[in-house]
Every structure is written in structure tokens, then in C-alpha cells.
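Structures incoming, each one as C-alpha cells.
Below are two complexes that have chain A in common, paired first with chain B and then with chain C.
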Partner chain A sequence: MMPALNKKLLYVVFTGWCVTAAVVAVAVGVHHRNRQARLEQPIHFSHNIHVVKAGLACAHCHTTADKSPRAGVPALSVCMECHNKVKTDSPEIKILTEHWNKKEPVEWNKIHEVPWHVRFTHKRHIAAGVDCAVCHGEVKTMTQVHQVRSLEMGWCVQCHRQNNAPTDCWTCHK
Partner chain B sequence: MNRRDFLRTLGLTSAGALLAGCERPSKLISKIVPTDDNVLPGEALLVRTTCTECPAACGMIAKVRDGHPVKLEGNPDHPFNRGALCARGQASLSRLYLPNRLRTPLMKAADGKFVPVEWETAIARINAELTGNRKHLFLSSRTSGALAEIVDRFCDKRSVERLPEYELYSHSATRKANEIVFGRPVVPAYNVKDADLLISVGADLVETFLNPVQFAQDLVANEHLRWIHLEPHFSLTGNFADERWTIRPGSEAYLLAFLAGELNVTAEQAERETGVKVAGLVAALKKAKAPLLIVGGVSNDLLSAVLAALIQAKYNMPIDLANGLDFRRVGSLNDLARSEAKLAGAGVLFVYNADPTAYRPSFVAAMGKASFRVGLGDTLTETMQACDIVLPLSHSLESWDEQETAGVRGVVQPAIKPLHGTRSAGDILLALAGETRSYQQYLDARWGEETKRLVETGFTLIDKETRPPVVQTAAVEKFLATAALKPVAKERVMVVVPSLRTFDGRSDVLPVLSEIPDTLAAISFGEFVMVAPDLGANDNDVVRIEAAGLRLELPARVQPALPAGVMVVQQPFLRGTAVPVTDIGEVQTVLPVQSVSVTQKKGNLPILSGSMNAAGRGIQPEHDHEHPPSPNDGLRRAGAHEKGHAAATLYKPHEHKPYRWAMAIDLDRCTGCAACVAACYVENNIALVGPDEHAAGREMSWIRLEPFTREDGKLDLIPMMCQQCDAAPCEAVCPVYATYHNPEGLNAQVYNRCVGTRYCANNCPYKVRRFNWIDHPLENPQQLMLNPDVSKRPKGVMEKCTFCVQRITTAKDKAKDAGRLVRDGEIVPACAQTCPAQAIVFGNILDKGSKVYAQSQDKRAYRALEELGTQPAVYYLKAK
Partner chain C sequence: MDLLHRMILPPELNHLKVMAPVTVFIQFLFIAFVGIALVSTVASLACRKLNGKLSQNLALVIPARFGIWLTLGVLPLGVLVFLVGQTLYGTKYDFAGALALIAPLAVVGLFALFAYRQNFNLVVGGFGVLATLAFAMPFVHLFDLLARPEMWPYIHPLVPDIYNMQALCRLLIFIAGSLLVTGGALLFIYFVWPERKLPADDPWLRNIALGLTLAGAVALPALVVWDAAILPFGARSTGNLRFVFFLIALSWAVGSVALGMLLNQSRRRVLLVALLAFVTLGGELTRQLVVRDTAIGDKLALQRLDAEAYLATLREKQEARYAANAPVDPAMGGKVYAEKCASCHAFDVKVVGPPHREVLPKYKDDVKKLVEFILNPVKVDPAYPAMPKLGLTRREAQAVAGYMFDKYGEQRK
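What follows is the complex of A and B.
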């Protein structure tokens, strides 16, 4: 073994390792930043205040959850029912009011997502008696909504098996 | 670069690539106020409007999801099409999302290139040009109702001469004939519903003639009809009719003269000139209580049309002169020639929604003689390219309008806000006429109290009273005095026909229509000439033809049913040539061929039919009119057990509770129009793969029309899709269980699980499985056309017909809400929904009261390739 070759090889491998590590670190960092970004909403809406303190039920705002495949977010007019008078000095409410005045929709970051090839319907689950908290966790105590369940297929199928729900592939795969 | 720089660059680019791959979170966008249309998220808003892809103006419903239309279906209440929609209507949705649509007004700069300009700039320039004392001209395609009025107002206000409207198929002969015979220059409406004898000459009733959807529906509904179709060539209509008689090209007038008792044509002379057994027709006419004669299509000479009108009057046929298609402002091709001559020294020429250059290349040069040219259109056709200003038009799905024709006022209402910076023609012309109100306001005022009903139902009836037509004997005698029967061509002819898929070529910008094969030829992409076997050419041999001044070189497709010496070319294949015109100003449909030779060259036509010979495989049982079907001849009814032929099986029979979905297709009703194929493409986000993939046999259609030649030369057509077999050969061989038998009898394909071994497609005897060999990226904004209920399959995944499982799921969901099972008729797959002849029936075969069960027990019922033991769920009813 020639000492020069050994040193060259080492140099190459070491640089390659450093580059890879750097790339991975950057990637992981970006991924985390994106995850954090997902949690950041344009308005810091706290379910805790609205549900635990103010006593609103899930269905007050998420009106279509039991009627349609999508639960959706409430229209701005629902927020403004109270917030045209309540806490109008709060900076968050000021952002909301600005959206309302400019007739600009609020673009919330979607926390709970299923892949493109999955057909999920809220209506059927609520009709089957599944409580919101089963899949979404104790949202009422959250100041910032985050995902608590894995929402992976295995998790869905387990509950379906336990509760005699259909496990035919085409029930969910579209 | 040195090693250090290389590694640095490598690291940065990898990081960049990884960064790009990271997903940004998707958004939940809140509304401002809840919508008041009672449409829940995930449900479709139904907008009732009218199809504008051809002059038939069928009523249709646009299904709007998330603010953009994703599917078109016929309006079930509309009197023309009653819920059905033809292939072009289904495909017309893609016109809205064409990537090459004009998006902004364009103005030609000094260097001859178009630059985008603001609307104000364009309108100001047009207004400036509209001064001066030159004659300004306005040329458009067919208009009706309010828009026709708006054009008149604009032309009056700005001193513009309105030229006769341009339509390639102008029905000029029929209109002139009705003017001579009945004093009314109109296209009639024909009532085939109540006829007991229909004699059609040349008119392609179930392809493009007038309203082919309406004809198909009325023809299958009429059970006491004997339909004799006479044609010089071979068409889908001739294939579908009860009897198809060949008539020598250009000889129709002899037959009609004999039947009308005019021009001293004897039976013997008529028979000699036409080759038709006239005695048979005479006998049929004598016996019939409600005969009907329709002459048109390729038989478009004036003398034939006049004689036809005389025969119609003679037998008191139900010809409705008040409620036909509104063509009153449409001129003939002679009018187009006169319009072209007027361009010399003209001021501003407006061309609205018309492409006269396509079949009259000299028009472009003539356009140069006008002082200024303004085009209004949606794509840059050759005519538009010759303009100085091009104004982009909104699609009918983005606009308000009306279609007033054939006794119905059909509303055109928007299903989406304009995607681009386009405007509707009504708005543009009102603005140019100096009015401040919008076209929508104009229509509101015009409709008055009817507005609410129009918007809710999509149409109102404006039936005009139908007086029985009165023959103007003086005018008829004057005409017949100078009429002369032309000698019949004895040499080879080339018949020019409209295209089933693109009509006069106007729909060839719609990509999905090129993916669907022409049914008779089974060819999707490419231009071809259909030839009779006597030419001695083989499929794909390039044939050189000289006919009526045209020089063509086209690959051949041999069609055994074509009479000797006859070739057929579709009109759009002649685009760019000066189309020969008859003396009345119609397209010359029968062209004498000066020379034809089969060259050594080979074309590259994607002929998708495979073998045209059914070879006794039982895909369609043999037609044997003398021997009625017996249990031993291959026709097996559902549930019947063959003695000693019980299929042994290793597997337990499937248990289906409570549904077993099945389909029944009546082959006697199928016209071969391919509307089902188009509907399936749109409903299921099927990829458009292009001509190269088609040449490799990789078309993606989930349902296809398979043609097989019969002994008499006609074609047996069988719509073939996944048969959802009980004992599916494909299920057993999937290594990853991506395809399996679901509890309701469907063969389920899970796209996410498929790894692409293609063993399933190998095993399928029906060859209905389609593999995504390549990725098919969509060009913006085509992704808006995707049906959100169906995934778009990526490369490497197998797909096939699912019996529209997304519709099944929706119906089951609704039924579960109501606490019951799905009822018969609640689930209609896309193919069944759009079929004009209602040939496809779908339902739960376990429900003994369902339509599909009843059809499966019909004595004509059989299943394809049944002897293989696949136990398909699709029952075909053999053609009578």
C-alpha cells in the first residue's frame, strides 16, 4: 500500500462523508422547519379558549363534519358572529377582522392529511359514533392544533377490524 | 473544475434537490360566508347549461367540484337528448381547459408577431379602425337567439355589413329544396319516433346528422320500425340500420325521381342507374302506414332534396318545418366565395368563431385585402393568425348565452368564472356597439319572467305551431322544368364524410377525441382512407389519389363492406385543401377519382382492433336467422346449468351480500358512437398517451368498441371493458394482492399496492387491463379537469374499468344515510349514463326486480368467452 494512495482515499471518503452528513443535516433541518411551519397558523386560533372556556361544541364551527366527506373550517362569518364585538382589541382578532373586511379567505395550514389515493369521509365516521377526539386527540385543550395519531393505514384498519367496519380495499382506496 | 469545487457543487445541488422535495403544507381555505347553493364540500354543484360543440345544442349538466366543472352529462329533462351526450359533448369539457387557449387579446406588431395587449387597447384600436367610409364586414359561424340579435345591433350601430354565416355543413340543398317545394327555406325536424318505415338516403343519422343523439334514442325506442338505409359507401349508420342497401354514388336522384313520379324515370331505369331493387322500396312504401324519408348527409344535391320533399308531401310524412335546427342566417359555400370577393377594398373584417381558411385556403390571401382584421376565437387557427387583433373568447362554460333552435330555448350559464382574461362574444359586441350593459343583463331583460325557470331547468320550450307543409306547385314545376338528371359516375369515387369524432374538424383540438378510435376503422391518431378490397391494398399501404383536383397520399384501411370502387375519406383529413363545392354551394361529397395507385410506402396507423375476425371465439355468437337460439349453441342464460358441463373449481364460490354488481349491454342497441368511451375518459381521469404509444398498442381506454367483420361485411361491435369476473384469471396471479375480488363482486385494483409486474394483464383473456407505461404529466390547467373522486395513476401501475366504483360508493353512502339498500337505477356508471341508445344497464344482479337481472335472463343473453370459466359479470344481449 502506497502511503500517498491511502491518504488520497481517506481524504475522498472523509469529504464524501462530510458532504453527506451536511446534506442530511440540512434536509432534516428543513423537514423540521416545515413541520413547525405547518403548525404555525396565519391566526393563532386556540381551541382551548373557544371550547373549554367559551363552551363551543365541535359542530358549532365544523358544521359539515357529519354531513359531508370533508369537515372543513368555518366560514369567516361564523367567527365574526362573536368577534365583531368580542375581544376586538386582540392582535389575532385584528388579523381576522382585516380578512373579513377585505373579503379575503384565511388560508389555514392543514394538519391532518391523508394521501392522494385515499378516500376518507368524516360523515360516515361520525354517524358510526366515532368521537372527534378518537382521531384528533383532545383538540379542545390544544392552543395549537397538532397531529396526535399516526393516521397511517395500519392504524385505520385496526380500528375498522375492532369495530366491524368494512375492510374492503375499495372502501378507502380510490 | 477541481475536486474541491466539484464536491462543493455536488453537496449544494443535493441539498437543493432535497429541499425542493420537501412538501409545503396544503391549505384549508375558509370561505367568507357559507355558500347558499346547498352543496356540501365533496359534493357536486349541478349547473344546467347547453352544449355548444355542434349546432345540435343538446341540454347538459355540468358537475362542478371545488369551483370548476369536472364532468358533463346530458340534461335528463331536455327534449333533444334526454340525459345522453355524444362523444364530442363529453369531450367538450376539455376545450375549457386547453393549454393553448387564447388568454389575452393579441395585437399584431410591426414585425408580424402577436403581442398581448390590454382589452382597452384592443377595443380602442378597433373603434379607431371602424371609422372611415370603407365597407366593414362581419363573418361568423351559426348564431341564434340573443347573440344573433346582438350581432345585428352591433352591425347596425357601426355600419358593418353582416355576411351570411359560415358552416361547412350548411344544409343548403335541403333549405333551398324546402324553399322551392314548401316556400320555407328551413332545416326540418324529423319525427322518427312514430314512423313504421324509415327510408334514409345518405343521412348519417346516428353519427353527425342534425342531432344524432336524438335520432339514436328515438330509433331504439321505436320498436315497430323497419329502417332501410341507402348509401353509396359504408357508414356507422348503415351498419346500425335494419337494412343497408348500397346505392351507386351520385345516383340518388334517379331513385327519388322514380319514387316521386317525376322526370319520367321508370322503375327499370332507376334500378339500372342506382343498382337498387326499387320494387322492394315501392312495396315497403305501399305497406307502411307512417313512412318517413330522410335525405341528406352525403346525398346533398339539390335535385335529390327537392324530390325528397315532394315524396314527403306525397305520403304526408311528418316533416316539421317550424321546429328544425335554426340555420336561417347560414349561407352556403357559394356565399362564402362571394364574401371572399367582397374583401377586396373592404374596411374592417370581423371573423367570429369561424375558420373558413380550413377548407378554403384562398380566404387567407383575401383577408389581406381588407384594411384591418379582427378575429374572435378561442385558439389560434389559421384564420385567426391572419388577423391584426385577436380577441380571446370565453368558453360557453364560462359565459351567459342562449341557444334558440329546434323549438327550444337552451340557456348557457357559467359553471366557472373565466379562467383567463377572456370575454364572451355578447359582452364584446355590446361594448363595441357602445352599450354599457353586460350581455348577462341583456339576457335577463330578454328572458324577463322566464329567467328563473331557465336557470333552474336549463331550457324552455318555444314550440312553434306546425302547419302541415303546402306544396308550391308553380315553383316546383318551374324547377323541374329545367332539372336534369346527372349521368352516374362509373369509375372509382372518393366519398367525403364528416368525422364521427370531430364533425367538420372543429373538435380536433380536443385531445381526448384523438385517443378514441374511429369506430369503423378502429384507428385513433392519423389520417387514412378507407378502401374497398378490390383496390388490392393492404392495411397501412400508402395510396396515392387524384380526385377532383385534390392530390392525396394517405395510408389505407381496408373495409370489406365498402362497395367496389368506393373509397371514403373523412372531411378533417382534407383540412388545408380547397374543398370541392357543388353548384348549390354544398361540400361535394362524391368526388370522381382520376387516378389511384397503391405505393410501396407504408403508413404508421395505430390500428387498434387487433384481428377483425372473431374466429368463432364466441365473443359475439354467430348470426343465424334461420335457427333460433337453443341451449346448446353457446348462448347460455344466467344460472342455467349445462348438462355434464358443470365447471369444476378448486375455490369456494364467492358470497356476495347484499350486492353483486353486474352489467348488461344490448348489442342490438349499440350504434358504435363511442360516447361511452369519451365519458369514461373524462370520469376516470384516464391518461392521454399520444400517437407513439398508440402505435405500440398502449392506449389507455378502459372501455373499447371491438369491431369484428361478419360474413356480410358489416361489423359486429362489442363494447368491451373489465368483465369483473367471479373467477378472474387476473386475481390469482398478482404477487402483491393488488387485485382481488371484493365482497360486492367487483374485481378491485388497488393502485397504491401495484408494483407493475403486469402478470394480471397477461392473464386476462379479454385484454382489458391497461398499464401506465410512462408518466403522463398534465399541462396547466388540465389538472383542473381531474375528477377528485378518482386517483390519477402514476407510472408503473395497472388500471382498468371499475364499474365506476366512485359512483357506487356515493350511492351506497346516500342509501346508508337513508337507512336502506341502494335501489335499482340509483347507480349509473359514466358509460351507461351517456349512451344515447341506453344500451348499457347496470345494477345489482341479486335483486330479482332489477333491470340488469331481467336482461341477464333474456333469451338473447350470453357472456363473452364463457367457456373459459371466468364467470363474467357482464351480460351481452346478442344483436337481433
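What follows is the complex of A and C.
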């Protein structure tokens, strides 16, 4: 039989171990929540409503995706084409209208970002027939956009290899 | 493989809801069984030199009866292949095919473990352990991949690369869970179950069982926190974190009781430890389901939409048949127009869409064309935004078209 002190110590160590795990779990939760907070947008725009329910195509608003490196966040005027009449009583549309009246653009948070040394272009990918969802995930079902692919080099190169796209360094890094 | 795919049918919404708890239940049966078979064999092999009877007792926690091994080992695996195939029907990566491909490895491994319980041969037991582990690695990784839809288009070859952190973490969770339930099963079978209760209490067996449970209870909290930390964005949720806390609490409870029993050489609370061990494994599998559900909620939503779209086409066909024979209700046209069209269109002026005065003459001789446009609108004039699909039935579209021509006619006069 072990001395009573050692027994107690073992209990304390085990309980301490479980408590530490719980504290780390809290830290993980807080970290994840902070990451989530960075996704908050000034207006709760839902792709689900616009794409699935209203039936709009991606290119309806992201008009420059097939013409330029950037897919382009639509100008306020694009939103107002419909929303000067549609759903004007919604609180979110009221915020939108306020921006429109003040002639101030909505400052959306950028979710998909590649490092500065990557020269990514939407145009070439669209021309190659890559579907938007390959890199952006099923945005059409999202009520809040979040990044689902890593967008890291290994991930890009994997896809380039599979589709016989060039893998020279200067394809993406100038 | 082709036969397998022909046997898997597209699921419906209610079907998907039922499949989630059924999958967890079957997984629970299968993983608990494989885990106990694996760990008890390893323990039995380790004690061979020490004590022959003890070694046999450890292995025989699952008796060498073919029926038991078939019912708890092979059948659940077959059912899992179908459940996974059906849940993920239509997705890019063939999970059911991959599971079916590694299933023979499990059958061979389990058969060797079964044979070991008859002849207690070191080579047979060792081979069984290795083969089962070789199956367990891709198996747990496949279930982990279910929560990573972003990886699905890039998994190649059929059984994917298993050397990554996530796969390692899930394998360790499987081992920790197996330690827990093996300890629980040994305690339950030899100290509670009346038919197989040991005539004389074997402190060695009891201590090994408690030690296995304690090892599992120590490892599991760290592993679930690790798993939660490395989850991809789409798979994180508050529900998962709640389960993590729940599992830490359960591990603490089962570990404390087992530790107390070990230190005091007590025989009380054997049933409690056994029960808590199994509940902990069930909790962990439910947590993994929550993770999967969060991650592939998008996919399931799409599947639901597909099912709804299919039902809508059926409804439309019925409507069309009905509309061909039934007179169109004139009041319906006005009502639908006011609800769905008037927010963007007027007769004389541009609102969001063009004024009817400009566009209606195009359809003057062809009302059907207008009905088709209302049902499936396309962008015509670059000066206006595209008209969204309104989700009207053919009957409603016909009524609206009729109403517009009536009204247009009236205004022209």
C-alpha cells in the first residue's frame, strides 16, 4: 500500500492534468472565436439568399472575375440596381441605402487573401474552366463567407500538377 | 465496386437525419469491438511469459465464438460502408469505395485475432494485431476526412496519404478509446457478468483492467483538445467544444474512480468504471459526428436542395398536366403579380426591370414564351440586372402572363 500523501498527490496530479486540458480547450475556443470575429462583415450579406433563392450567377455581381486578376466586390450601384426597390424595409438594406445616400462605399472585410508575393489572377483560372467553388468552397450555401481551402502553396501546386498547369516558380511569383 | 454503387440510393432529407445517429451507433459497436479485440490481444501477448492463465483470460474477454465476431466485427463494417456511401451520395470522393477497399484487411485481421483465441499462437496474434492496426489507420483517417470537404477533390489514390497530424491524432484517439473500453469490458465480463465472473478474484486481471482504463482516461483529454485545435475552419463549432469539456469531465470521473480502486485495491465500483468507459467512447464518437455535421452541413444542404429541386420538377409536371385542362383563375394572376412582380416592374416606367410597355409586345403572339421566361428568366437587355428565378409554379406563371396581357391590353385602349 502506498503512503496516504502519495495517493493524494496522484489524485491532484490527475485532476490538474484534466483541468489543464480544460483550460487549453478554453484557449482553443477563444482563439477560434477571434478568428471568427475577423469574418464579421458590416452588412450581413447572405450568398445563400442571392444565389440559391434568387438564382443569381456568381458573375452577376463579381463582374470582373473573367476579365481581370480580381473577381471584384460589386460596387454599391450594383446592389442598388435591385435594392432601391427590393426589400427596402430590411434593416440590412437600410444600412446599404444609408451608404448609398452618403456616397460612402461599404468596407467589406477581405476573407480570401494570398500573400503579397503571389500574383494570383482570376481571369486565367476562369478561362481554364475552374469553377469558383474549387477555391472558394460552396459559397452559394453560406450565410457568412469563410475560407474553406488553405490557399497555401502546396495546395495550389497539387491542383496545378493534377491539371497539367505550369508549375514554374514564375507562374505565380514574379 | 460498381455493384456497390448501384446498391447505394440517393438519400432524402429525413433519411439523412436518421442516418446520423445510426452511423454513430454502428461505429460505436464496431470500434468498441475492434478496440477491445486489439488491446486485449496486445495485453494477452504481453502477459504470455508472466502467467499463461491470465494471458488467456485477457484475450477471452471476447469469447472465441464465430457468431460474436461476425455480428460485432464484420457486419457493422458492411453496414458502415452503406451508411457512409448513402450519407455522402453524389460527392466527389468515393468514401464507400475506399472503405470497401480496406474492409478485407479488417476481416483478415479480425480472423487472425479470432484464431489467436483458439490456439494462443504468438505469430497468429501478432499478425492479427498488425493487420488490424494497418486497417485502423486508414479507417480513422477516412472518417477524419469526412470533416474536410476541401480535401475531397484532391484525395489520390483511393486510400489517401495517412501520414499527417490529423490522421495521427485520430489514430491516437482510437487507441485511447480502445484502452478505455478494453479495461471496462474486462471489469464488466470478469467481475460483474454472472456467467463468467471469476470464481476467485484475480487482482492481476483487475489491476491490468484498471490500468488500461486509467491510461485511456489520461490520454483522452489531451487528445480531444489537440483534435479540436487542429480542426479546419469549417468543422469548428461551439457544440464540439462542449463535447470536449464533457469528455474531459468524463475522463476525469472514470480516471479518478479507476485510480482510487487501483490505489486502495478496492473491488467496489467496478460496474461504474465499466459503464463510464463505454459512455466516454460513445461521447467521443458523437463529438466526431458533431464535427462532421458542422463541416459538411453545406454539402448536406446542397443535397437537400437537389431533392427539393427534384420534387419541384415533379410538382411542375403535375401542375402542367392540370393546367392544360383547368381554366386559369383570373384573380390568381393579379395576386401573384402584386406579390412577386410589382416590386421590380411597372407598366409605363422603369423600376428595377424594364416597363412592360416595352417588353410585352415581344410576346404578343407567343404567351408560352413569356411563361417560359417567367419560369426560367435569362438576362436579355444589358441595361437591366438579370431577373431572378421566382420559384413560381407553371400555373402561377400562366396566370401572371394572362393577367399581364389583359392589363396591357386594357391600358393600350
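One rule holds for everything that comes next: the second predicted complex is superposed on the first by the 140 of 174 C-alpha atoms of A that agree within 3 Å, B and C clash if a C-alpha of one lies under 4 Å from a C-alpha of the other, contacts with A are read in each partner's own complex, and residues count from 1 in each chain.
Just so we're on the same page, a residue touches a chain if its C-beta (ideal position, glycine included) is under 8 Å from a C-beta of that chain, and two chains touch if they have at least 3 such contacts.
Note that this is a predicted model, so its numbers are computed, not measured.
Asks: With the two complexes superposed on chain A, say which partner A:10 touches: chain B (first), chain C (second), both, or neither.
Replies: After superposition on chain A, A:10 lies in contact with chain C alone.
Asks: On the A-aligned overlay, A:108 touches which partner chain: chain B = first, chain C = second, or both, or neither?
Replies: It touches chain B, and chain C stays clear.
Asks: Taking the superposition on A as described, I'd like to know which of chain B and chain C A:142 touches: first, second, both or neither.
Replies: second
Asks: Looking at A:72 after the superposition, I want to know if it touches chain B, chain C, both of them or none. Which is it: first, second, both, neither?
Replies: It touches chain B, and chain C stays clear.
Asks: Would you sort A:170 into first (chain B), second (chain C), both or neither based on which partner it touches?
Replies: Only chain B; A:170 stays clear of chain C.
Asks: Based on the superposed arrangement, let me know which partner A:159 touches: chain B (first), chain C (second), both, or neither?
Replies: After superposition on chain A, A:159 lies in contact with chain C alone.
Asks: Quick check on the output: what are the common chain A residues between the chain B footprint and the chain C footprint?
Replies: Correct list for chain A: 15, 22, 78.
Asks: Residues of chain B touching chain A in their complex?
Replies: So the residues of chain B touching chain A come out as 7, 10-11, 14-15, 18-19, 22-34, 40-43, 740, 742-744, 746, 748, 750-753, 789-792, 802, 805-806, 809, 813, 816-817.
Asks: Provide the residue numbers of chain C that touch chain A in the complex, in ascending order.
Replies: 149-150, 153-154, 156, 218, 221-222, 224-225, 228-229, 232-234, 236, 238, 241, 244-245, 248-249, 251-252, 255-256, 259-260, 263, 265, 298-299, 301-302, 305, 343-344, 351-352, 377, 384-386, 388-389, 391
Asks: Which stretch or stretches of chain A touch chain B in the complex?
Replies: My answer: residues 15-16, 19, 22-23, 26-27, 30-31, 34, 37-38, 63-64, 67-70, 72-78, 100, 103-110, 113, 115-117, 119, 121, 123-124, 127, 168-171, 173-174.
Asks: Mind pulling up the chain A residues that touch chain C in the complex?
Replies: Those in contact with chain C are residues 1-2, 7, 10-11, 14-15, 17-18, 21-22, 24-25, 28-29, 32, 35-36, 52-57, 60, 78, 81-82, 84-86, 134, 137-138, 141-142, 146-150, 155, 158-159, 162.
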